[in-house]
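The structure follows.
Chain IDs A, B and C follow the sequence of writing; residue 1 opens each chain.
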Amino acid sequence: MARTADALLEEIHGPSPAQLLRRRVFGHQGLLIGGGVLAVLFVVAVLAPYLAPHDPYAQDLLARMRPPVFLGGDWDHPLGTDHLGRDYLSRLIYGAQVSLLIGSVAAVISGLIGTAMGVAAGYFGGRVDMAVTFLVNVRLAMPVVLVALAVVALFGGSLQVVILVLGLLLWDRFAVVMRASTRQVRSREYVTAARAIGCSTARVVLSEIMPNIVNNLIVVATLEMAHAILLEAALSFLGLGVQPPTPSWGLMIAEGKQMMLFEPWLVTIPGVALFALVLAINLLGDGLRDVTAPENRN
Amino acid sequence: METAVNDPILKVRNLRLTIPLGAGSLNAVRGIDFDLQRGETLCIVGESGSGKSLTALSIIDLLGRGIERRADRLEFDGIDLLKAGRSQMRSLRGDRMAMIFQEPMTSLNPAYTIGDQLVEAFRLHRKADRAAARARAVELLEKVGITAAASRLGQYPHQLSGGLRQRVMIAMALMCEPELIIADEPTTALDVTIQAQILHLLAELTREMGVAMILITHDLGVVARVADKVAVMYAGELVETGTAKKVFEAPVHPYTRGLLGCIPVPGRTQRGAPLGAIPGIVPSLISEVSGCAFRSRCAEATEACGAFIPHRVASEGSHSFRCVHESGRKAGAEAGT
Amino acid sequence: MLVFILKRLGLAALVAVTVSAISFSLLFLAGDPATALAGEQATDVDIEAIRRLYGFDRPVLVQYWDWLAKALQGDFGESYYFKLPVADLVLQRLSITMTLGVCGISFALLTAVPLGVIAAIRPNSLIDRLALLLSVMGQAMPSFWFGLMLIVIFSIQLGWLPPSGTKTWVHFIMPTVVLGYYAMPAIMRLTRAGMLEVLASDYIRTARAKGAGEGRVLFKHALRNAIIPVVSLAAVQMGFMLGGSIVVESIFALHGAGYLAWESIGRNDLPTVQALILIFSMFYIVFTFLSDVVNAWLDPRMRAG
């Protein structure tokens, strides 16, 4: 009987950690669905210029508010057109770019800030820890939507400003989780051993601590990415985020709101897209948490 | 009382506990029998995983979900526990049968005072008013040797030491003057110095109040001091039962002999000599188990051990064991230790 | 206990001051209040005059100190737009936001806690799966979109509920649901996890061994312990919710403090925005402080420490 080397090895040693991980990943429905949907949306965003049937900015005032195909529209505009006659599907596709860009860059910025603070607090303890905890408390006490709105209003609502504001506001969960994980890892023997043989602080943090907390970092990053995307949509919806004519989903909902009474699909379509994207990211994040720390499941 | 005085308070026949698993099932307890007379103390001895705790929980019907209980007979004072409904079991629990658990640190509810928890069963079963229940609680706290009992009622579990908490648990079990107490390793979580005190207290109180007790333990030193009867459990079966005196002085089953051989005896055990140990591991109890479960570790094992294992009477009275060999030793082996 | 409360109070005050300082400097550095105040037709000379009149030419720290000292006495200055004292303006609008917040958290607790408890009693049952689905979906649903969908369904299609306004309690139904659902998933998950853990604990077995009935075991023994972390979460969520009411109020045109904040930001009415940021952060601070106190009261182990 032919047997693969893998199967033979497994029989002797049991499954390797990588095999276990692979098995858990492929056994986790939420993770697969979330990852799959996110991957598709990512591809759509990247290939937007090739996939979008029309220019998302091109107005056609003679073809305003055409209904989507499933409401009796034609295939020239599969999802209809908005109040300025712009193709809704194209705007939706370019909107994915905006959401993903804002979500990922804001998550990276807040991740850098939060991780630096959290790891420092967890590693050094004492006064550093007190200072970081205090800052986290201050940050949590700030009403995010209000502050973000006010700042965006003052600096003007460009994509860069929105990204920066969200990035500078959403680091709290990174700091809290990284602080806790670092404290946990710090007391392990291998960290003590590394310090005992005279490794520098930077080396201990980068090569002993970081690899052991990076899974938590990834989980928080996905959740914060979803958070940032939702916040951007809310800000744009309130008219103080990304400015028109940029095709942001939140902005599309705000514009559709005016015509909601007669054309509810103008609000429904971008809302469903936003919901699907955030759901996919959350499923991926939850799934990653389950897979990397199965003992914490439920 | 209608039942005759010498009828056993607890009658167990062919008790089987199985845990269904994905494939097959785990036969955790496989057909055990015993009787417990009023006021008598039975010690069930065995290593961890032998099914002692499950047996205890099955009597009071507190097995976790998904564990199947079957038996030919399971009677408490003539009441068929197999047929008893949930409400009937509830009215028995805490009133006529009580349980003391292993972990005093976690067995008390952290959100309520000792007093609240002591009076709970009493007020539930006796419909007593607050004052009467508190008076009873103070009385019992004093009985278990807690000083300043009245002021302890207002304290929370986290304010008491482990030993004190276990005393509170004992007092709680005795609140309604039960006829049966099941104590599942009540001292293993405690400091060695306190273990003796608690055990002594438990033995004394059950004797004084005429309560029958099933004491589950893996500490043979404990058994020797408090047991009237001993049941030795191995891999879900009772391999030897009898009066404490008989089992300790003349153990028959190879496992019992091995177990007793593990205890160093002052004077008899040579200094520096290796302590007794039983080599090997407990067999898997998943799916059908045939023959003697101990045979893979047994020095007396023969081919016949894979077949049916009969119950045998060792000597007069209630001393019995399960082994293919008539005297617990294979034919031809010389007698004597 | 007293020491604990005093410590927490001191910390809370420090947090409040820091938050106000940050938002003050942020707002006053970024915008030019004099320009905003002077209006479109103003000349440079006018703006300069206004700047001196209001003291905007002084260092930020001095201005902040001045503002803080007055704010502590309840004087938040005058709204640029309404030309009214900010304190009166905010106070007048706050009752709607508070009502909304209380309704929202009550709604969240009344739905999430029972769901969490049932899910924990019957893990992997249909209800458990449904609750999980609901919480996963809830976390992903943008609240402003959820609000609009409710309006589409219940106001436009069915005509059951009014889409905006504050006249009767009926007007508060949809805003309550939208604000409350935001806090639901977290509360439900925590209740479920807490109940699962507590139900597996030794003291629940003790309670059963005493002959306590299922209801007594669940509610007196289990829920009492499982609810402790939920209380603090609910308090924190309440603080967040009041801050998030800005979205809900704008959708349903509820003229509360959140709506005022939205309007004021659009109008560059900095004294009002500044006061609202401080007030909303005070809400968060007060609620987390209260939750610590309630927690200490609920959990005897913390009471002693």
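Following the convention adopted for this analysis, contacts are C-beta pairs under 8 Å (C-beta built on N, C-alpha and C of every residue); 3 or more make two chains touch, one makes a residue touch a chain.
Quick caveat, the model's predicted, so the values are computed rather than measured.
**Student:** Among all other chains, pick the one whose mean CA position is farthest from the mean CA position of chain A.
**Tutor:** In terms of C-alpha centroids, the chain at the greatest distance from chain A is B.
**Student:** If you tally the C-beta contacts, which comes out ahead, B-C or A-C?
**Tutor:** If we tally the C-beta pairs in contact for B-C and A-C, the bigger total goes to A-C.
**Student:** Between chain B and chain C, what's the gap in Å when you average each chain's C-alpha atoms?
**Tutor:** The separation of the two C-alpha centroids amounts to 55 Å.
**Student:** With centres defined as the mean C-alpha position, give me the chain A-chain C separation in Å.
**Tutor:** 23
**Student:** Would you give the residues of chain C that are in contact with at least 2 other chains, written as numbers and ranges?
**Tutor:** Nothing qualifies.
**Student:** Along chain B, where are the residues that touch chain C in the complex?
**Tutor:** Against chain C, chain B makes touches at 60, 62, 90-95, 98-99, 101, 103, 106-113, 117, 120-121, 124-125, 156, 158-159, 169, 172.
**Student:** With touch defined as at the start, can you tell me which chain A residues reach chain C in the complex?
**Tutor:** Residues of chain A touching chain C: 30, 134, 137-138, 140-147, 149-151, 153-155, 226, 230, 233-234, 237-240, 250, 253, 257, 260-261, 264, 267-268, 271, 274-275, 278-279, 282-283, 286, 298.
**Student:** If we count contacts the way the header does, which residues on chain C are in touch with chain B in the complex?
**Tutor:** Where chain C meets chain B, its residues are 201-203, 205-213, 221, 224-225, 298-301, 304.
**Student:** Under the touch definition given earlier, write down the residues of chain C that touch chain A in their complex.
**Tutor:** 11, 14-16, 18-19, 22-23, 26-27, 30-31, 123, 136-137, 139-145, 148-149, 151-152, 156, 193, 196, 236, 239, 242-244, 246-247, 250, 261-262, 265-266, 268, 273, 276-277, 280-281, 284-285, 288
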